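Per-chain numbering from 1; labels A, B and C assigned in written order.
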Amino acid sequence: MNTLARTVEALLFLSSEPVSAERLADACEVSEAEVIEALARLREHYAEGFRGVVLREVAGGFTLATDPVAERAARRLLAKPRTPPLTQAQAECLAIVAYLQPVSRPELARIRGVASESAVGTLLDRGLIEESGRSRFGAVLYRTTELFEKLFGLSGLDALPDPARFDPTPEEEGELRERLLRAGDQRAQGPLR
Amino acid sequence: MNTLARTVEALLFLSSEPVSAERLADACEVSEAEVIEALARLREHYAEGFRGVVLREVAGGFTLATDPVAERAARRLLAKPRTPPLTQAQAECLAIVAYLQPVSRPELARIRGVASESAVGTLLDRGLIEESGRSRFGAVLYRTTELFEKLFGLSGLDALPDPARFDPTPEEEGELRERLLRAGDQRAQGPLR
Amino acid sequence: MTIAALDLDLEVFQGPFDLLLTLVLKEEIDLLEVDLAEVVLAYVEHLDWAGELDLEAATEFLVLIAALLELKSRLMLPADEEPGLELEPQQAADELLARMLEYHRYRGAARHLHELLAAEQGFRYRSAPLPPALRRVSIEAAERAYEPERLASAIGELLRAPAPLDLRHVRRPAVSLEQRLRHLRGLLARRSRFSFDEAVGDSDRLTEAVTLFALLELYKAGEAEWEQEVPFGPITVRATP
C-alpha cells in the first residue's frame, strides 16, 4: 500500500460519516483521480469475504464497515441490537418519500389511503427522513437523509430501482379494474348504501 | 485471514476503547489462547509502516488506531466543520443547551420526554456543544461552544432570538426552565392513568 | 383477564389494549391508523380461547370499542360535505383504480426496502469519538451555516404543553355489573315486584344497559323473572317464586 492509500484508509477509519472522493482529495492535497486510484488499491485489500472490515460506497461517499461475519460476536461484545426492522407502514412511507421527495404528509396519506402520522414520526425520530421546507400550501415536506442511504447500503438515491418495476402486470391491473367496477355496480343498484 | 481473525478485526474496529483478550474471547465464544493466536495473525496484517491503521496494545487491551502518516490529512479533513442540516431531535437538544446552559443530560431527556443520547453525541462530535463540569448530582453538564456561535452567526449568547415569539403564551423570562420541565413532564406522562 | 390486558398485535401498535387507549387519547397514536376490526378480532379470538363470556369484561370492551368507533368515524368524515361532488360509479372506480395502482407501486417499493435493510443487517459502522488531538475543528474555517430562528422555534415547540384532552367520547364504565347485581338483589329482597324504570331511576344509558345485563344474569340464575306486556311498555320485575 502506498502512502496515499494508507492515508485514505486512515481517514475512512477516523470519519464517522461516508467521505466523498472530493473531500478525500482535498484533505490529502492530491487530485480526485489519484484518490480514486488509491481507493481501488484499498478495495483490493478490503475485498469482501477476506477481512473483518469491508470498504463500502454509500450515501455518496466511502466508508468502512464490519463484515456480517462478525455480527454475532459484535452483538455479544457491544450488547447493542441492530437497527430494528421497519413496520409495513414505515416501509411504505419511507418508499414514498424516497421516490417522490420532497413529499408532504397529505400526499403520503393520499397514496397510502390512511393517515400516516405515527409512521412518519418514527421515521423522523430514527433520522431516516427529515423536513425539507414547506409546500405551496404550507404542508411540511419530507426527504430522506444520508443515514437512510447508509443504513440501506445505497451509494445514492439513484441506486434505487425504477419504481415502475413494482407496478402490477397488465393482467393484474385488468383484474383489479373488473373487481372494482363490479363492486361499483352493486353499490349503485343494491339496497345497501 | 481466518474467520476468527476477521471477527477480532471487526470487533476492534467497532470498539472505541481497547478490548482485552478475555473480552474478545468471550464475544467470539472461543478460548483466550485462540484469540491470542488470531491477534498474532492480525498483527502481521497491521504491521506498522504498511497500513494507514495499526494494531496497538495499550492499557491491558487491543485497539486499532491511525498511523501518524495520516495526521496532516486528518487535520485537513476534520478541521472544516461539518454542517449537514440539523434533525429535529438535534435542533431541540441544541436549543435546550443554548437557552438553559449549563444543562445535564437527564434534564434534556426530561424536557424532551425521550432519551437524547444519539442527538447529544452528534452535537458533541460536531463540536456544537461541549462538556462543562458536573452537576451536584454528578451528571455531566453541557454548554454551547464558540463554534456554535460562529455557525449560527451569533455575536454572543444574548443574541439568541427571544423564544417567547414562538410561544403562544409568553410568560416571565426567568421561568423558561421550569416551564420547559413542566411541559416535558406533561408530554411524558399524559393526563390519563 | 381484564380487557385492559387484552394483547394486541396491530400494524401501528403492539401491546395491551389499555396502553393503546392511553396512546390514542394522548394522540401519540393516530386513531385513523388503528384498525379497529383487528381489535375486535383479537377480542373474539380471546373469547374463543377463554371459552366463556366474562360479562363484566364484555361490557367494558363494548363500551370502549363503541366509543373508539364513534371517535374514529367522526375523524374520518369530512368536516362539511360539499353537495354535488358525488362521483358516478364509473368515475369513482376509475379514480380508485388509479389510486390502487399507485399504492401497489409503493407497496412493492416498500418490500424492496425491507429486503435492502435485511441484506444490510450484518454491516456495522464505527462510531468512535475522534482522538482528542483531532477533535478540535478550526474556528477560523467555520462559516455561518444555520439560522438562529431554528433554535427559537425548537424551544417554542417544547414549551407547548399538549392540549387538554377531550375525554367525552371515551369513558371507562363507571358502573360495574357487580354493583347492579347487588342493587337488583337489594330491591328484590325489599319488594316482591318493581318496575325496571324504578330500578334504574334516571341513570345514564350505560347504567341502564348494565342493569339489563344484571337482570339477565339474575334470570339465568333463577333469582328473578320479568314481563313486558307491550313492546316498549314498562317492564315488571319480580322474584322467582
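Just so it is clear, a residue touches a chain if its C-beta (ideal position, glycine included) is under 8 Å from a C-beta of that chain, and two chains touch if they have at least 3 such contacts.
If you're wondering where the values come from, they're calculated on a predicted model, not measured in any experiment.
Enquirer: Specify the contact topology among the chains shown, as one of line, ring, star, complete or other.
Expert: complete
Enquirer: Which chain wins if you rank chains by how close their C-alpha centre is to the centre of all protein C-alpha atoms?
Expert: A
Enquirer: So which chain is farthest from chain C, going by the mean of the CA atoms in each chain?
Expert: Looking at centroid distances, B is the chain farthest away.
Enquirer: Need the CA-centroid distance for the pair chain A / chain C, whole Å please.
Expert: 33
Enquirer: Can you check how far apart chain B and chain C are, centre to centre, with Cα atoms defining each centre and the answer in Å?
Expert: 39
Enquirer: Whole-Å distance, chain A centre to chain B centre, using C-alpha means?
Expert: The answer is 23 Å.
Enquirer: Identify all positions of chain B at which a residue touches two or more other chains, and write them in rising order.
Expert: 10, 13-15, 66, 74, 78, 88, 125
Enquirer: Enumerate the residues of chain C that touch no fewer than two other chains.
Expert: 124, 126-128, 130-131, 134
Enquirer: Would you pull the chain C residues touching chain B in the complex into a rising list?
Expert: Going by the criterion above, the answer is residues 21-22, 25-26, 124, 126-131, 134-139, 141-162, 164-165, 167.
Enquirer: What does chain B use to touch chain A in their complex?
Expert: Against chain A, the touching part of chain B is residues 1, 3, 5-11, 13-15, 19, 23-24, 26-29, 50-53, 64, 66-67, 69-70, 73-74, 76-78, 82, 84-85, 87-89, 114, 118, 125.
Enquirer: How about chain A: which of its residues touch chain C in the complex?
Expert: 13-14, 16, 54, 56, 63-71, 74, 82-83, 85-89, 91-92, 94-96, 98-99, 110-119, 150-154, 160-161, 163-168, 173, 176-177, 180-181, 183-185, 187-188
Enquirer: Quick one: which bits of chain C touch chain A in the complex? Just the residue numbers, please.
Expert: For chain C paired with chain A, touching residues are 11-12, 28-30, 32-33, 89-90, 92-93, 96-97, 99-114, 116-128, 130-131, 134.
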